[in-house]
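Let me begin by presenting the structure, written as structure tokens, before commenting on it.
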Amino acid sequence: MRRRHKPPAGARPGTLVIPADALPPRITVMDYTPAKVRESQVTDPKALRPFAGEGTMTWIDVQGFGDEALLRRIAEIFHIHPLAMADVVNAPQRPKYDAYESNHLLICQMAHASGEKVMDLEQVSIVVGKSYVITFQERHGDLFDPVRERIRTGGGPIRTMGPDYLAYALMDRVVDGYFPVVERLGEVLQRLEEEILDDQVEHTPAQLHEARRHLAALRRLVWSQRDALNAALRQDGTPFTPPVQVYLRDVYDHAVQVMDLVESYREIAMGLMDIHLSTVSNRMNEVMKVLTIMASLFVPLTFIAGVYGMNFEHMPELHFWWAYPAVWVIMGITAGGLILFFRRQGWIGSGRSRREGRRGAP
Amino acid sequence: MRRRHKPPAGARPGTLVIPADALPPRITVMDYTPAKVRESQVTDPKALRPFAGEGTMTWIDVQGFGDEALLRRIAEIFHIHPLAMADVVNAPQRPKYDAYESNHLLICQMAHASGEKVMDLEQVSIVVGKSYVITFQERHGDLFDPVRERIRTGGGPIRTMGPDYLAYALMDRVVDGYFPVVERLGEVLQRLEEEILDDQVEHTPAQLHEARRHLAALRRLVWSQRDALNAALRQDGTPFTPPVQVYLRDVYDHAVQVMDLVESYREIAMGLMDIHLSTVSNRMNEVMKVLTIMASLFVPLTFIAGVYGMNFEHMPELHFWWAYPAVWVIMGITAGGLILFFRRQGWIGSGRSRREGRRGAP
Amino acid sequence: MRRRHKPPAGARPGTLVIPADALPPRITVMDYTPAKVRESQVTDPKALRPFAGEGTMTWIDVQGFGDEALLRRIAEIFHIHPLAMADVVNAPQRPKYDAYESNHLLICQMAHASGEKVMDLEQVSIVVGKSYVITFQERHGDLFDPVRERIRTGGGPIRTMGPDYLAYALMDRVVDGYFPVVERLGEVLQRLEEEILDDQVEHTPAQLHEARRHLAALRRLVWSQRDALNAALRQDGTPFTPPVQVYLRDVYDHAVQVMDLVESYREIAMGLMDIHLSTVSNRMNEVMKVLTIMASLFVPLTFIAGVYGMNFEHMPELHFWWAYPAVWVIMGITAGGLILFFRRQGWIGSGRSRREGRRGAP
Amino acid sequence: MRRRHKPPAGARPGTLVIPADALPPRITVMDYTPAKVRESQVTDPKALRPFAGEGTMTWIDVQGFGDEALLRRIAEIFHIHPLAMADVVNAPQRPKYDAYESNHLLICQMAHASGEKVMDLEQVSIVVGKSYVITFQERHGDLFDPVRERIRTGGGPIRTMGPDYLAYALMDRVVDGYFPVVERLGEVLQRLEEEILDDQVEHTPAQLHEARRHLAALRRLVWSQRDALNAALRQDGTPFTPPVQVYLRDVYDHAVQVMDLVESYREIAMGLMDIHLSTVSNRMNEVMKVLTIMASLFVPLTFIAGVYGMNFEHMPELHFWWAYPAVWVIMGITAGGLILFFRRQGWIGSGRSRREGRRGAP
Amino acid sequence: MRRRHKPPAGARPGTLVIPADALPPRITVMDYTPAKVRESQVTDPKALRPFAGEGTMTWIDVQGFGDEALLRRIAEIFHIHPLAMADVVNAPQRPKYDAYESNHLLICQMAHASGEKVMDLEQVSIVVGKSYVITFQERHGDLFDPVRERIRTGGGPIRTMGPDYLAYALMDRVVDGYFPVVERLGEVLQRLEEEILDDQVEHTPAQLHEARRHLAALRRLVWSQRDALNAALRQDGTPFTPPVQVYLRDVYDHAVQVMDLVESYREIAMGLMDIHLSTVSNRMNEVMKVLTIMASLFVPLTFIAGVYGMNFEHMPELHFWWAYPAVWVIMGITAGGLILFFRRQGWIGSGRSRREGRRGAP
């Protein structure tokens, strides 16, 4: 669970909570027309004012929330509603689409499968205006580099279309980012399945629990993301023009595909828990069988031996020369009978062949 | 479960049930315009009559239901419907929004995580009129102090806007109050998870049950609260004006976030129960293995010893000088063979390494 | 399960099935205006004819279905549809609202928590006409006495309003009757919970099953009742006028509250089953531990004793004077080592402290 | 599972698949006006042509699908769509309502509880035209005899109303046929419950599984049937006139009642499985207790006896005259102590009283 | 899980990902009027240009995606949207219906039950234009041969109707292809059920898991397919004309039937898991009973023998001539009493009769 940093209860709406370890903001501006692209780094928010009016298409990327005054200036210049700004900064929020008077807010959660962490989330907020798109990210990073590259090279319709297409391209990048995470969870499940079928069940329940937790979190996330996409597509006053809606529908389809994968992995995880529990039961059964066989075999024999260990004066059997071998014969017959009984019960068989058989699926 | 105090079946509608231990009412009036604020304590309901008409914005806070006559007078002055008044007094009711002819009723449930109780609930009823807001609380308390402070200092738009904004601010306070409760339940689950992974499973099922019960109660509560917010936002004749609707939508989003948290904790709690059951099974397995190993090892040996404890006259082995050491050798070989078998079955291993391994998650 | 008495398959619609033990009908008429009330017992249905036309408000209460001809006469006088009449008589039906040409039918199920039975159901059918309300009950009883009393004393608006208000008052009485039943089921669960936490688990599963069955039945019932109320509120041509709709909404809210309670008890019951199963597992664990400790402790010692019970001629140890005490020392060390092992495994502890600990919940 | 006979994949639409063992068709015609009824057996489909036009009401009942040419002739005469005819013949289909240009198709599944089979299904297809109703059944039978009788005697409105009323009467018969099946399943569950509470759990899981399977199948069936009824009631162009809709709503209500019963039996079946599993666990517990008590009691005693069976030369105890009785005393004390311990653990009690207690439910 | 081949995150929309092992495209053209049919193999996409305009009905079948340039040429000629083309090539996609400006895209998943694989999927994409239908398949194959044959022979309305009817015929073939797969899964379940009832439970959990996995995958698939059919039927601008909609509704019904079968198999699979777990528990019970009987029988007897094996000097019993037979009598009585107790507990019975009983279902 990520720590949610949010204002104290009862605070006035629009309060921004900047965590102590917030990074200093880095502002990159990409201003482009079909003909040319101009990139620049900005430090003074005043330099952004020209882009607020209609004119060339502009993409402003803000990374790091360490300077509240600067964020407030940007919000003021682009008429970002205080509540929208609070949602941007007070991460994490659920993915959502909100329409405001002068612009639209899209909250997304980017997922990475970085190093040790199976699922590392980062909030990406996209503000879509008449002729600009502003993206806000908590950390410095280069996740949108492929999109930036497409603007630079002018490949595809990206430079000829408006802010809605740019917003689409960014959201496409976000949703595509879920696939590697799901696939990694799929690999974890595959490894656990192999372990379970090989009877290596020591850490399985905790690890399955961990995987199911991630899947549940991802499911909630993608569900919200899908709803946000749907709202952005269908609500009155959507910023997405019909030609771009075709593309957005494609992103929506991808989100549904992620959902599908997550659902199927959830079912597999549940099935694995069942197999695991069944395996544990079977192993207990095996242990019990060994105990039962050993005890049932030797306890009667020991009893027979005990009888002839008694010290009664008058035990005629003790004096016959054939008594001792006869006792061995009796004990042999007893043991043989019991072994026959266990074999008929199916408790004695070759353990190895059974384990291999378990792998042979339909 | 809180005791529900409600009128006997068949009583005429609008019957108020004042519990014997109800506190005496305390009425605080806050009358404000954008320019100034006047606060006063009122004991005679007559003094409230001027605020019923349109004019300055007024917030009347009633704490304690110990005086039925007084409550009936207030209802009369502000034209509060008898059924609305019954919902206010006969707590607890589910959170809901009801529109009446002269005003609107919002029933909320405030949650605290006080001292020993994980979840302490108190009903807060908000009556929204043309130029007034009346809040009713069962207990004396200062939960709305931050809002009161904002009115006093005039921070934000609170003094320039109508009763709908005040109602929003109060409901925002209520919904934000759920977060600490959920977080405390999250901590309980985290502690239980650590205990389960450390095999300290004695009280776990009952405590998990307790936590799940709280989560289920909270879920039902927030669900109703969310529905009430939705109804207040969307029903015809809503008292919330479009600019305030933007703010109310934000409260709605917070309620959805609480729901999300509660849902994820519910899933974690269910997973923990699974791990717990699996742990119990594994422990039984360990116990059985020890029993099986000990019994299987010594029962055959005891049998051998028993054989040579027999008192037959004719047992040639007893008289060979090498017989006794030979029996020891035979018993050693038997024990060694069994230990080898147990090792091949994987029943003998270092217990400690396994327990540590269980913590290593994917 | 109550026996459903219904016509044979293929019978013509509107067939009434009067059970053999049906009670003789008792008809009570209450005719009232805002000014005065007239009560009378009627035996000849002809006497009811004047009340079918518009005029004063009339409440006709029919208790007992023992006379088919009489019931058919009433149906004829008030133009009750044959299918409606069949639903009234062929109880039990699901709670529902049906609109017919000349009147409206409301089927309700009244619940009592009488003596030994946790849940005793009786069908109450309400026919709402222009200026009359007819209620049908299978048994003689006085469940509606509080309403009757309110009409007599003229308390509240009941005498000034139409048949819809009377119908509301009756349904309010029905829905309020669910609360004691739910509360009684809650007490059963509480008792079971205490038993389970005290390890008195003998009859628990069957009793839990019984309670869950009642809760499931109640849930289905209240669900239908709620749907019927909703249909009566919202369908075109509803007999409920807007002022009475406010009151009916209140009954609807009560039904939702019952649902809420039932749902929470269902979840508690499910959680109790989990705790019970976990308790059974834990008890098995305890039993196994005792067995393992006893067997593992004495089996090796018996083996040692057995060795020196052998009758070999050449066993040098037997002749040393210190051999016997030495064997005792060896056995003591063996036992001590095993006890140490069991203590390290946590199998030996004070049983009482554990049981008490189980009660300490979060 | 009934074998589905259907055309090979890719066959042209409307292909009829007549199974090899199909019965020869028997066609019964019932032509009636309010005044008179004419019944006849028809073998040549040409004789049916007069009934296709508007005129008197006609009910044509076709039993047995053994003659494809004849079926095709009927379809041609009454303008039955090839796809409709395929649904009629290629049974089983899910219950459904389909509107075609010249008539309407209602597919129903009739259920019987015949002899050994708990649930025997037969498809009944009803084609509703302007002035005719055609019913198709796979087998010869007299399920609709009550309806036929009502037409003959003219009881009720059946002869004065159109084809929609006849279709209603037939569907009423079909839905009423579900009740005996559900009730029989209820009896099976009741028997299983008694067996489980009496600890006779040998065949229970498989039989419960069988019952749940039937309930699940029935649920799906009635669900579809209900949906079909709803579609027939609400879709534009429904053949059911408003007066008949009142009757059809009644059939719909019956279907909902069957659903309710099925749902409650499903829940009971699930609860029984829980009780069964709990009973199995309890029995294992009992077995374990006996083993533990016996082993724990005698293993220490055997050890003591073993000690004094050792052959050491120097064992002073062996020579005291009081040693033997002393050993008996020691063994008695040991056994007594253990029995006391088991009694305190609650492992020794009267088994019978417990079993009886299990039946005493709340 | 099939490997999803899809473009890297952030790639420009419409990127085609041709796998390395893609087959070379084979293009078959079928151009027909009601009067005649012309079939041809095409290698140069230019030859397809005449079919893009309105005129005769044309079916173009493309098998194999090995040539990106060729696919792009086809897309260009028939104005297939880049996103549509990407969905066609970047398989697998979920079944769906998408409307584009100049044509419509239907994505289907074909299922086979080939050789060893229970479920082998292949994506079939259908592009429906004004006077043409283009189908895309990854592999070379002859799945649509029955449709092709119907065109050739002119059976049915296929040659007189437009591209919507052809699309219907193809989708009918696809949906009918699910039945054999479901039936094969049903056979697997039936085999598993027999194994479970015969107590052959070694590989069952893993195989059940496998089957449930296939059922879950199939369920998701058919669900999407059904949704796609529904969208194609109901969305504005659907390419399906009313007469063909009747046929498409039939395909929809088939999809619902597959869903029904899959759902019922899923429930059966879940029930089988329950029976399996119950069987494992019962077997453990049997093992425990044998152990308990053997140990409880012989441990007391061994104790008695042990007592008279003690070497005390003063044990009067040892010297009586009747002592030895007396001990045998005592041991006989002890054993008999225990056997009686076990019989009364129902632990001793004939194992075979029980197993047969288990098969006798209600």
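First chain written, first letter: the chains are A, B, C, D and E, and each begins at residue 1.
One rule holds for everything that comes next: contacts are C-beta pairs under 8 Å (C-beta built on N, C-alpha and C of every residue); 3 or more make two chains touch, one makes a residue touch a chain.
Quick caveat: nothing in here was measured; it's all calculated off a predicted structure.
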Third chains touching both chain E and chain A: none
Interface sides of chain B and chain C: same vs different residues, half threshold: different
Angular offset of chain B relative to chain D [C-alpha, multiple of 5 degrees]: 145
For chain A paired with chain C, centre-to-centre distance based on mean C-alpha positions, whole Å: 41
Distance between the centres, which are taken as Cα means, of chain D and chain C, whole angstrom: 25
Chain D: positions in contact with at least two other chains: 277, 281, 284, 288, 291, 295, 299, 302, 306, 309-311, 315
Chain-level touch network, classified as line, ring, star, complete or other: ring
Ring topology as an ordered chain list, initiated at chain A and continued via chain E: A, E, D, C, B
Chain B residues within the chain A interface of the complex: 144-147, 150, 155-156, 158, 169, 172-173, 176-177, 179-180, 186, 197, 246-247, 249-250, 253, 256-257, 260, 263-264, 267-268, 271-272, 274-275, 277-279, 281-282, 284-285, 288-289, 291-292, 295-296, 299-300, 302-303, 306-307, 309-315, 345-347, 354, 357-362
Residue ranges of chain C touching chain D (in the complex, touch as defined): 1, 4, 6, 8-14, 81, 83, 87, 93-94, 96, 98, 100, 118, 188, 192, 199, 202-203, 205-207, 209-213, 216-217, 220, 273, 276-277, 280-281, 283-284, 286-288, 290-291, 294-295, 298-299, 301-302, 305-306, 308-311, 315, 317-321, 323-324, 327, 351
